[in-house]
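Across the two complexes that follow, chain A remains constant while its partner is chain B and subsequently chain C.
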Partner chain A sequence: MALKEEKVIVIDPDKCTGCHSCEMACSMKHFGKTHSHFSRIRIQEFREVNTFIPVTCQACEDAPCIKVCPMNARIRLESGAVVTNEDKCIGCRACVYACPFGAPVVNPDNGKTMSCDLCMEDEMGPWCVKACTLQQALKFVNARDAARAKGRDMARIIAEDYMPPKQDSDEFAFSFSV
Partner chain B sequence: MADFHGWRGQRLRLDMTNLTYEIEKLPMEYYKKWVGGRGFNTDVCYHETWQGMDPLDPAAPLCFGSGPLAGTFAPLSGRTTVSAVSPMTSSVMGTEIHGHGDTNMGGAFGPAMKYAGYDQIIVKGKAAKPTWVYIYDDKVEFRDAGHLWGLGSKKTTIKIVEELGDPDIRVSCIGPAGENLVKFSCVINNMSASGGRTGMGCVMGSKNLKAIAINGTKPITAADPDKFAKQAWDLRERIHTSPSAIRRRAEGSMDLFDVGNAIGINAYKNAFAGYMPNIEKVYGGMQWAEQFLFRRKGCWSCPVSCGRYTLIKEGKWAGYHCGGPEMESNCNLGCRIASYDLAGVNVLCGVVNDLGMDSISCGAALSWTMECFEKGYLTEEDTGGIRLEWADIETSLKVADMIAHRQGFGDILAEGNVRVANKLGKGLDCVPHCRGLEHISVDPRITMGFSLGYAMSTRGSDHLKNYSCLEFPGCARSRAYQIDEIFGPEGSKKFWEDFPKEMTELDTKPVLCTWSEKNKCVADLVSCCCQAIGSWGGAGSWKEAYYPLFKIITGTDMTDDELFKAAERVINTERAIWLRNGSGIQDDTHVDRFFDEGVVDGPYKGKKIDREKWAWAQQEYYKCHGWDNYGFISPEKAKELGIEEIIPDMEKGKKICIDWLKSGKTPTTPVFIPETFRK
Partner chain C sequence: MKVVIVGNGIAGNEVASFLREHGTDKEIDITIISAEKFPEYDPCSLPYFVGGEVDRDVVFRKTLDYYKDSNINLVLDNKAVSIDSKAKKVTTEKGDVFPYDSLVLGHGGSLFIPPIPGVNLEGIFSCKVLAEADKLAKHKGTKAVVIGSGAIGIEAAEALKLKGYQVTIIELLGWIMPTLFCEGASRFLEDEMRGYGIEVFTSEKVLSIEGDGSVELVKTDKREIPCDTVVVATGVVPGRPLAETGGVACERGILVNNYMLTNVEDIYACGDCVQTYDACTGEGCMYQLKHNAIEQARIVARNILGEKVEYTGAYPFARAHYFDTHAVTFGKTMKGAERICSLDEVEAIERRNMNGYLRVLLKDGKIIGGQAIGKVADYTGLLMGCMWRGDDLHEFRENWPAIAALGSPYPWQARKLGQLLGLSALDAKGTKGSDRVKAILK
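Take a look at the complex of A and B:
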C-alpha cells in the first residue's frame, strides 16, 4: 500500500499550555456552541505538573476503530480522516475502547461517537490547529513530512555531538568572487 | 423567560451556616444593568452589605462572578472576579474601616461556573466545621474538609481531583493563610492562578469554606453562532499577528521589566527607592525563560498563554517546580526585598502561592520589616529573635510560613502593613499604600497616571483598576488612535505636544484615568483579560476587542455607549461602598513620603509628586466623574447611572467624611490631604 499523501494533525505535547482554545474552536465549528464535551479534540490534563496532552483522532493507516465497529459506521473519508457515520452508529462505543488513544468522543446530544473530520470543507483548515497558531502544539502537515520533521528534531539533538565547534561566520567568510 | 445566550440567566447562593443552597433566576434587565462578573459582584457587595459591616461577619457575601464571554470561543476569556467587603483594606480614618475588595483571577474557574449553569456564586454564612462544596450542574454537595484543612493550595486541589476522580473539575481553594485569616490571603484556582489582592481568601476562610469544586455539562450558546465565530476569529487573528502578543507569549508578563527599568519605576527596597540597578539583566523575561521556564501555562481559551511554570534546574533549589511567577510576584518578592537571587525568589513565589497569600502584600510585609530593621525601628526584641535584612531569602521563606500559620511575629505581620505599623506604633512612614492596600511594583512618583490610579482605585492601591497603560510612550505610540478617541482633537494635540514628557506630569491624567478605568472595567464585566487591552494591548481597546463579541453572543440591543455606561455604574457603586463609610478625599491620596522624598536613582532620580498639582488633579478627576469636591457621588450622577438608592448613603457618608476632616484627627499613616479640606 502506498503511503498516503493526506494531511494529518501532528501533536507536540511539550508546547501545549492547557488553554483549551482547540476544544473551544472545535465545538464552535461543529455545534455552534462551546463546551469541551462537544469537542473532538480533548486536552488531557496533568495540571499538577503543568503537562497537557492533546488527544485527537490520528486517522491511523490500519484503524482499529474501523475494524471493531459492528455497524461499519466508522468510515474513512477521501481526505484520510476517519469519522462516524451517524446514520449507522448505534452508540456502543466499541471504537472508543478499541482506539489506543481513546480518541473518539461521545456526542452528548445523541450518544453516538464522533472524531476529527479535519474541517476539510473549510478553507481555513482545522480550526483547532488555527487556534493554536501561537503555541504550535498542533500542526497540520503532510503525513510524510510529519515523520520527517520529528526525525529531524531528534537528529538535531544527536548531531550536536558530531558537529565541529561553533564558529563566528564573519571571521571565516571566504570570498569566491573573482 | 427570556432566552439567554452567553449569559446563564441564574446564579447560585450558598448558605454555609445551614449548608443549603438556592438557585436564583435573574431577569434580562438585571443583566443589562450589571452585565457580568465584576458587575454582578459589585451589585451584591453594595446592596447586600451595610455601612460599617465587618468583612468577616458571617452575613457578608463572598461572590464569584463570571461574564458573558467566559467559557466561549472568544479568546482571552478565562477570567473570574472574586469580590467581598475587604478585610485587608482600610481608611486613613481608622484601620477598622473597610471598603470594597475584589480580585480578578485567570485559570478556568469562571468558564466551569458557566458550564455548570451559573453566572455567579454567592457564599454567605459560616459553616460549623471546615467544609468544601462540590457543584456539578444542579447538584450541590457540602462535604467535610477536615482532611484538607492545613494543606497548601496545590495539594488541596490534587486531593479533591482524586476524591472526585474527575481531572476536569475546577477547584478554587484557600491555603493555610486563608484558614488562619491572614488579611492578605488569596483564592487560588487551577493550582496556581490566584485572585490575590484585598484578602478574598481571608473572607473565604472566615466562612470555613476550604474549596469550591465545580464543572458542568451545559454548553454555551451564541445568539448568532456564525457571526460570533467570525468575530472571535477576527480577534484571534489580531492577537496571532500582534508583535506584543508574541513577545508576551515568549517572555510572560516579565517582558515589562525592560520598560520598567528604562523608566526606573520598579519597586526596589520597600517601593520607596524606586530604581533597581541592572534589574532587567537578572529579571528580564528572556533571561528568566532560559533559566527557569519548564512550560507555558494558559488560562481558559487564551491563545497567548503568558502564564509560566517554573522548574529550577540547578543550585540549592534544584528540582523545585511550581506554577508562576508573574511579573508582580517576581518584583514584589524579589526587587522589593532587594534580591538578585532569582532562583530563590522563584521558590519564595511558589511557596507564598501555595500558602495562599497575595505575593504583593506578602512582599510588602517582608520589605516593610526589612526597612524597619534598617532604620532601627524594629529590633530582634520586637520580632522574637528574627532579623530580616535586605535580600535574605532564607529568612523570608521562614517568615512567610510564620505569617501563613500566624506564628510569632508572623501573627502580627498577617494583619497587613498599615495595621501592623499602627499596632506597634512603629514604621508608620514605611508603608507605601492607598486605602490600606500596599502599592504594586510601579513607583507612584514617576508615571503619574498609575499614581492617580492607585489613589482613586476602588479597591485600594492597585494598577488593575485604573489601567492607564497609554501613558507609557510605547503604548501611546502604537495605539495613537485611542489617544484621539480619549482626548478629542484639541486634547490629543496637546498630548502629543508634551509627549513623551507628559508621562511624568499630571496634566492629562484625570481624563486618561477616567477612560482607562472604564476600559478595564469592560474587560472585567465580560470576563476577559485586561492585559490584551492594557499592557500589551494587541487586541485594541474595549470597543474593538470586547464590545462586538459581547453584542453578538448575547444578542443584546445594548449600544457601546450603554456598555461603557454600565462600566461607569459599576465603578461608582464600588466607590459608594467606600463613600458610605466616610472614605472620600482623605483616602484619594498618597503617603507623605512620595511627596517629600525623591526617587533614589535612575533616569528620574529626585522626582517626587507635587502637592499643589496633586490637589488640582484630584479635583479634576472628580469633575471628570461628576463627583463633588469631597469625591462624593452627586445625586444627579447617581440618578443618571440608575443607582438612586445610594443617595441617602452618600449624604450620611459625606457627613462622616467632613466631620473627620474638620476634627483634626491624625490619619493612620501620614498622608497628604489638601489643607483647605481640613479647616
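Take a look at the complex of A and C:
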C-alpha cells in the first residue's frame, strides 16, 4: 500500500512561522470562510519557545481511527487519505481520542469530525501547501520521495558529526606552514 | 483448503475478507456459519439506530451481494452447536455438517440475562443484536428502565431519551460504567447525565420485574419504578459451550496462544469470545472491544495463510459519549489496577480546569491507564503512546527543563505531554532560558 505512487503532505516544523495561513486556506477551501476552527490543519503553538508545529492527518498505514470508529465512518480514499463519511458519523470523537496526534478536528457546525482529504479533486493540490509557498513548511510530494529526502537529511546531519571541523583559511594556511 | 468460520460478527468477517484479499494465490473455500439472519453489521452502532440518529442500512458493514461476489459461502440462521475436532467437522442445529481444514471461532458472546423474576415478560429488550434492536426501535412506550450501566446501557439510555422516553438507569455497583471509569470521573458523568434528564440510581439491586403479560413495574431494593420498557444491559458472557464440545480449553473465555490458536490443532479463535493478555501489563484479560477483534482476526487470517505472526496483546480503549458530553478511558482504572498490584503502588495525577478533567494512573512511573473528559481528551493519543512505549514519567519530569528548552531535540508531543501533566514551561525558562540569554550576551 505504501509503495503506490501516493502523494503526502510533508511537514517541516523548523520552517513554520506560525502565520496560520494554512488554516485560513483550508477553511476557505472547504467552507468558504476564514476561521481556524473550521480548518482541518491546525498549528500547535508553543509560544514560550517560539515553536510552531503544523498538525494534520498523517493517514497512518494501520490507522487506529478506522478501527475504533463505531459507525465505520472513517474510510480510506483511493488517494490514501483517511476521511470521515459525514452521513454515518455521529460525532462520538473516538477517532480524535485514538489518534496519536489528536489530528481529526470537530466541525463546530454539526459536531462531526473531519480530517485532511488532501484536496484531491482540486487540480491545484492541497490549498494549505499553496498557502505555505513562501515558508515551505508544508510540501506535497510523492510518499517515496518524502522518505528518501528525510533519509538524505538525516544522513547529512550524521555525516557532519564525523567530518573534520571547518577551518578558516588563516588557520588552514597556518597548519600547513608548520 | 476449507476454512469454516463460526460467527458472522466483526472478527469472523475480518478473517474472511482478509483471506480473500491476501490469499489470492491459494484455493480457499470459505464458509461462515451465522446464528443470525443478517449480513455483517456493527453492534457498536445499534444504539444510534435505535435512537433514530442514523438509518437502519448504516449499521450494516457488508451487503449480501458482497458474499456472493467474493465467493464466501454464508450460512444464515443456523447456529453451530458442536465441534468434532477428530473428524474435523462442525454440526449445526439444523443438522448440517461442515468439514474443515481450519476452523475459526468468532461467535463472540451472548448477552448475560440476570436471573431476575419476570425477566421474560413482554417489553424487555436487549441492545446487543440487531433483531432485538429492531424490536426496541419499533416499540412504543413512554417510561424506560435500563438495567446495567456499561457502555451499551449508557448508549441505550441516550437513544431512548432521544426517542422521548423518560429514562432511569439502575446500576448494581457504586458508580456508573464501573469497569471503564474511576469513581471521580464517573460521578461527574453521572451528574451530567442527570442534567440531561436521565435518572441514575447506583448501588441498587433489581429484585424483580412485575407485570401482567407486559412490564409494568421494576422493583429494586430501595424503590419501585413504574415503566413500560426495560432494557437489559448487564454484560456479555463469552460463548464457551460450543468450544467445549470440541475439547477447546476455556477459562473465562476461550484460551489461545500468541498465534491465536487454541489447544486443539487447526482451531483458531478471535473476537469477543477469547481470553488474551493485556498488551502493557501482560495479565490475562477479556476486553471485548472492536479494535481488538479486528487485530486478532487479522492475526488469525495471516496464520491460516501460513505466516507465523504473533499477537501483541489487547488494549482497552473506550469512549463514552452522550449528548454533548464526551469522555474517554484507556488502560486500567483504579479497580482494574487492584488486580495487578496493590493500590499503594499506584500514583494518580488528577487535573481539572476549564478545558476538562484528566486523570492519569502511574505505576513505577509508567502510565497504566487514564481517563479524560472534555477538551483535554483530544490529546489522549499522546498518553496512550506513552503507555505503549512504557515511558518512565518520573524520568520525564526530571528531564522536563531540557525538553521544554528552546531548540530541544525532543518531539513536540513530549512538550505537549508536559503541559498536559501540568509541568510549567516557566520551570524550564528559569534554568535553561536564562542560560540562553547569557549565552547570547557573551
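The rule is simple: the second predicted complex is superposed on the first by the 156 of 178 C-alpha atoms of A that agree within 3 Å, B and C clash if a C-alpha of one lies under 4 Å from a C-alpha of the other, contacts with A are read in each partner's own complex, and residues count from 1 in each chain.
Here, a contact is a pair of C-beta atoms (placed from the backbone, for glycine too) under 8 Å apart; a residue touches a chain by one contact, two chains touch by 3 or more.
Values in this document were obtained by computation on a predicted structure and should not be read as measured data.
Trainee: Of the partners chain B and chain C, which touch A:Val68 in the superposed model: first, second, both, neither?
Mentor: Only chain C; A:Val68 stays clear of chain B.
Trainee: Using the touch criterion from the header, give the chain among chain B and chain C with more contacted residues in chain A.
Mentor: Looking at chain B versus chain C, the one contacting more residues of chain A is B.
Trainee: Regarding the shared-chain residue A:Ile90, is it in contact with chain B (first), chain C (second), both, or neither?
Mentor: second
Trainee: In the superposed arrangement, which partner chain does A:Ala98 touch: chain B (first), chain C (second), both, or neither?
Mentor: second
Trainee: Touch test for A:Ile158: chain B only (first), chain C only (second), both, or neither?
Mentor: Touch partners of A:Ile158: none, neither chain B nor chain C.
Trainee: For A:Val49, using the defined touch cut-off, is the partner it touches chain B, chain C, both, or neither? Pick first, second, both or neither.
Mentor: Both partners, chain B and chain C.
Trainee: Can you pull the chain A residues that chain B and chain C both touch?
Mentor: 44, 46, 48-51
Trainee: Would you mind writing out the residues of chain C in touch with chain A in their complex?
Mentor: Per the touch definition, chain C meets chain A at residues 42, 44-45, 48, 53-54, 58, 61, 290-291, 294-295, 317, 319, 321, 326, 328, 372, 377-382, 384-385, 404-408, 412-413, 415-416, 425-426, 429.
Trainee: Per the contact definition, I'd like the list of chain A residues that touch chain B in the complex.
Mentor: Residues of chain A touching chain B: 14, 17-21, 24-25, 27-29, 31-38, 44-51, 108, 124, 130-135.
Trainee: Residue numbers of chain A touching chain C in their complex, please.
Mentor: Spelled out, the residues of chain A in touch with chain C are 13, 44, 46, 48-51, 53, 64, 67-68, 70-72, 87-88, 90-94, 96-102.
Trainee: Could you please specify the touching residues of chain B with respect to chain A in the complex?
Mentor: Residues of chain B touching chain A: 71-73, 75, 78, 108, 115, 154, 157-158, 167-168, 190-191, 217-222, 225-226, 228-229, 232-233, 236, 239-240, 245-246, 249, 294-305, 307, 309, 321, 323.
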